[in-house]
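Labels run A, B and C following the written order; every chain starts at residue 1.
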Amino acid sequence: MGSTTVALAELIAALGGDLLGGSDIAISRIAPLDEADAASISFLANSRYQSQLAKTAAACVIVGPAQAEAAAARGAAIVTPDPYLYFAKLTQWWAARTRPAVHAGVHPSAVVSPEARLGAEVSIGPLAVIEAGAVIGDRARIGAHCVVERDAEVGADTRLAPRVVLGYGCRIGARGLVHSGAVIGADGFGLAPSKQGYVKIEQLGNVRIGDDVEIGANTCIDRGALADTVIEDGVKLDNLIQIAHNVHIGKNTAMAGCAAVAGSTRIGANCTIGGAANIIGHLTLVDGVHISAATTVTRSIHEPGVYSGPHPFEDNASWQKNAATLRQLHTLRERVRALEKK
Amino acid sequence: MGSTTVALAELIAALGGDLLGGSDIAISRIAPLDEADAASISFLANSRYQSQLAKTAAACVIVGPAQAEAAAARGAAIVTPDPYLYFAKLTQWWAARTRPAVHAGVHPSAVVSPEARLGAEVSIGPLAVIEAGAVIGDRARIGAHCVVERDAEVGADTRLAPRVVLGYGCRIGARGLVHSGAVIGADGFGLAPSKQGYVKIEQLGNVRIGDDVEIGANTCIDRGALADTVIEDGVKLDNLIQIAHNVHIGKNTAMAGCAAVAGSTRIGANCTIGGAANIIGHLTLVDGVHISAATTVTRSIHEPGVYSGPHPFEDNASWQKNAATLRQLHTLRERVRALEKK
Amino acid sequence: MGSTTVALAELIAALGGDLLGGSDIAISRIAPLDEADAASISFLANSRYQSQLAKTAAACVIVGPAQAEAAAARGAAIVTPDPYLYFAKLTQWWAARTRPAVHAGVHPSAVVSPEARLGAEVSIGPLAVIEAGAVIGDRARIGAHCVVERDAEVGADTRLAPRVVLGYGCRIGARGLVHSGAVIGADGFGLAPSKQGYVKIEQLGNVRIGDDVEIGANTCIDRGALADTVIEDGVKLDNLIQIAHNVHIGKNTAMAGCAAVAGSTRIGANCTIGGAANIIGHLTLVDGVHISAATTVTRSIHEPGVYSGPHPFEDNASWQKNAATLRQLHTLRERVRALEKK
């Protein structure tokens, strides 16, 4: 990552917002309020951190209208309706400015089938493998060691980090980002029991991923058994997530690390699934469902809302006592019922 | 995936079963009952879906003897003792027919040691690495970017999908299938505490995997500390599973995604381990044990049966109230005891 | 793995300890007490296994002073203050003796930027990619298929197993070991909600890893959002672990497989985190905290000690009854309160 120094005026010109204070102030760093120095721009997006505003050493703070006065009292401020969104766009602008440009072209060590179709200005990294029938959209970037199997498709402006597998016939749309180690299109886990042991059910479907999707490192999305596994536009998946065959994830749903969704489950749009949560198979979760971290979802959810389920943790001695009682909980209820009857 | 069209007669000739109805009906798709169209063959394996039989548009339905009459009343039917098993075999037949043939040979970009031993008709994909002493069985297929380390062995007809690591001295038997990203033979997690921090216990064992084993994407099976980690014939492991050093998994046991087994635990034959379940170390589970999803197994299981343990999930408000009470469960029991004494 | 035979005298010369019994006894295997034969050396580190001492067939047993007499009564013994630590060092000595030497040099198939800096006697495996600005320390070993991105640093004597990604600008110190499939420096999961869906927060920090760190297979450590994600010296991470952006893990802390730590959480030194445990974001755990397997940590921990939280597992019928009661636990408490008032 290179470094950069920018005047606030230049930043405002690129990203908008109302500047209170010196437009010639030079910024060379983005930092949280409590780690900011006199060359930093910071932001206040959560009122929990409001007390840090007076104390921060930041040269400039991005704030909402309600904090404009307090922020300006201590230095420069950029006022904008949604400071967190402004901060997100600032990081994008910053990254574009400081990261080395990627040059279009196919690295000579890549193994690209003559029957693959490469769009304009694509970049294919060292030792990548692009098989016959694969389609790589304009300006897409395929990292080192990626494997794009036959007839798979990568949309325009999508980036695969080094070492991603996109299985045969699978498709990811435009402006996507897939991190290293992700496996898209391994076989779903389909087995028929028989007297001679399990017989494999070949997985004949594909994976279809919409536009603007991000997929984390070492996350797995299996191909469907007969129909496709579907990830709709705008879905964001963190690392080490398991998406089983024929799962359907609705638009703009986000899932945190180590979550898992078993086969054929349908998750609605605009849901959030907490880290290490898991959802068993053949369920339906409607739009707007929020699952807390480490929750096991064992039945369908028909109403939007927040749902939780982790077992509370405690010091070990308390946990042992309570866990022992928990095993007799049903009996305890019977005893209370008996007492009530008296 | 190519497409195909096949007459029912041809299918019966290949797979058996009793055909009720037109042997010249053309099938070009396998589909679930509720997604089938007039060119589809479907199946009824679970009586839960029986109501879909009358409504399906499928040209032909695979059914058991009990449904033969109802199925034939609405169109063609294939009658067979185990419709799900028939369906599994149909998917295999379909895949063999529609997937491009794999050509034997070593891709020129692969790095194959002259001291490796390749069987007849093996296929070594682009950029694969096969080290000295490795043995690749007849007709085995090693995908792009695989690494088969020194003295490792891949059995006949086994397929490694792209980007699998099979560590030095590790062995997988015949007719296996390992999905992308799987790591077989990383070091087990062995550490001796000392005043200067942890001291590594070098892992001197290997991984031994039997015949007919399937291993999911990004699953890890660690090598043993002194003796080997053992996966017996017919075991099926889904994605993102962790098998620690010196675990032993018995014949025909199946484990769903994100399950984890800690060191030296022994799981019997014909067990099923649900997704995201985890089993702590140094335990023994006998044959025929079935662990529900998201269950934590903390002691050995000596009787076959179904065992469960996830904390029930609820709407967040209810969960908070119940979790708070749960922390005082032991006290609650004392209070009931006191009431009973009165 | 090659084999070796060694006289006890040679072993004592290399590793120390007091030998009771024949220094010319030949050892060709290290084995647990119950699997040892007449050519084996074994160890007794846990008094739980003391009963195996009299029965073992081992030629020599490593024991503490308290067991010296009993051990010598049955054959040769090595007496040392910490038998487990001695065993660990023995495995290292054994591995160094039996594993083939790694030759320094850059494999001709590797893609190494002329702007990368390679130290003395480094080994770069087949098809590895080393980008511009990367620094590889003396005697470091970069396995086949690794990707070390621009400006990343690998310390002296550190080994990356095949297929590790070390992202741009990330750094691992000396004497480290990273197993296959690990992804260091993928983007943290940072998103700002907007009316048009999530907007990506570019992750501008790096990952900084200290000396003597081991990282398991397919484990992910994300780069920081603004500041760095930090793993201190001596940390040991098992397989399939998720470390989110801006996590800080203190010195000599060990985490077992499938554990997960969400963003910005700070874990102290000398902690242990059990397998499949997960810790939510923005928490602080002080030094010396031990989290049991499968525990979900939902608040900061300010006192050293052992903390637990898995839901107890049971046979399925008992679990169903108790889980049903659990959903009414708050009501049950109210009923006990009502009874007490009477």
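In this text, a residue touches a chain if its C-beta (ideal position, glycine included) is under 8 Å from a C-beta of that chain, and two chains touch if they have at least 3 such contacts.
The UniProt protein names, listed by chain, are A, B, C = UDP-3-O-acylglucosamine N-acyltransferase.
Since the model is a prediction, treat every value here as computed from it, not as a measurement.
**Q** What angle of turn lays subunit B on top of subunit C when you fit their CA atoms, given in steps of 5 degrees?
**A** Rounded to the nearest 5 degrees, it is 120.
**Q** Is it true that over half of the residue numbers where subunit A touches subunit B are used by both copies, so same, or is it different?
**A** Subunit A vs subunit B: different; shared/all numbers falls short of half.
**Q** Could you work out how far the Cα centre of subunit A sits from that of subunit B, in whole Å?
**A** The answer is 26 Å.
**Q** At least two other chains touched by the same residue of subunit A: list those residues.
**A** In subunit A, the residues touching two or more other chains are 127, 145, 163, 181, 218, 240, 258, 310-312, 314, 324, 326, 328-329, 332, 336, 339.
**Q** Which positions of subunit B touch subunit A when the two form their complex?
**A** Those residues of subunit B that touch subunit A are 1, 30-32, 35, 82, 84-85, 87-89, 91-92, 94-95, 98, 100, 107, 109, 125-127, 143-145, 161-163, 177, 179-181, 212, 214, 216-218, 233-234, 236, 238-240, 251-252, 254, 256-258, 275-276, 293-294, 310-316, 319-320, 323, 326-330, 332-333, 336, 339-340.
**Q** Which of the residues in subunit B come into contact with subunit C in the complex?
**A** On the subunit B side, the touching residues are 111, 127, 129, 145, 147, 149-151, 163, 165, 167-169, 181, 183, 186-187, 189-194, 197-204, 206, 218, 220, 222, 225-227, 240, 242, 244, 258, 260, 262, 278, 280, 291-292, 295-298, 305-312, 314, 318, 321-322, 324-326, 328-329, 332, 335-336, 339.
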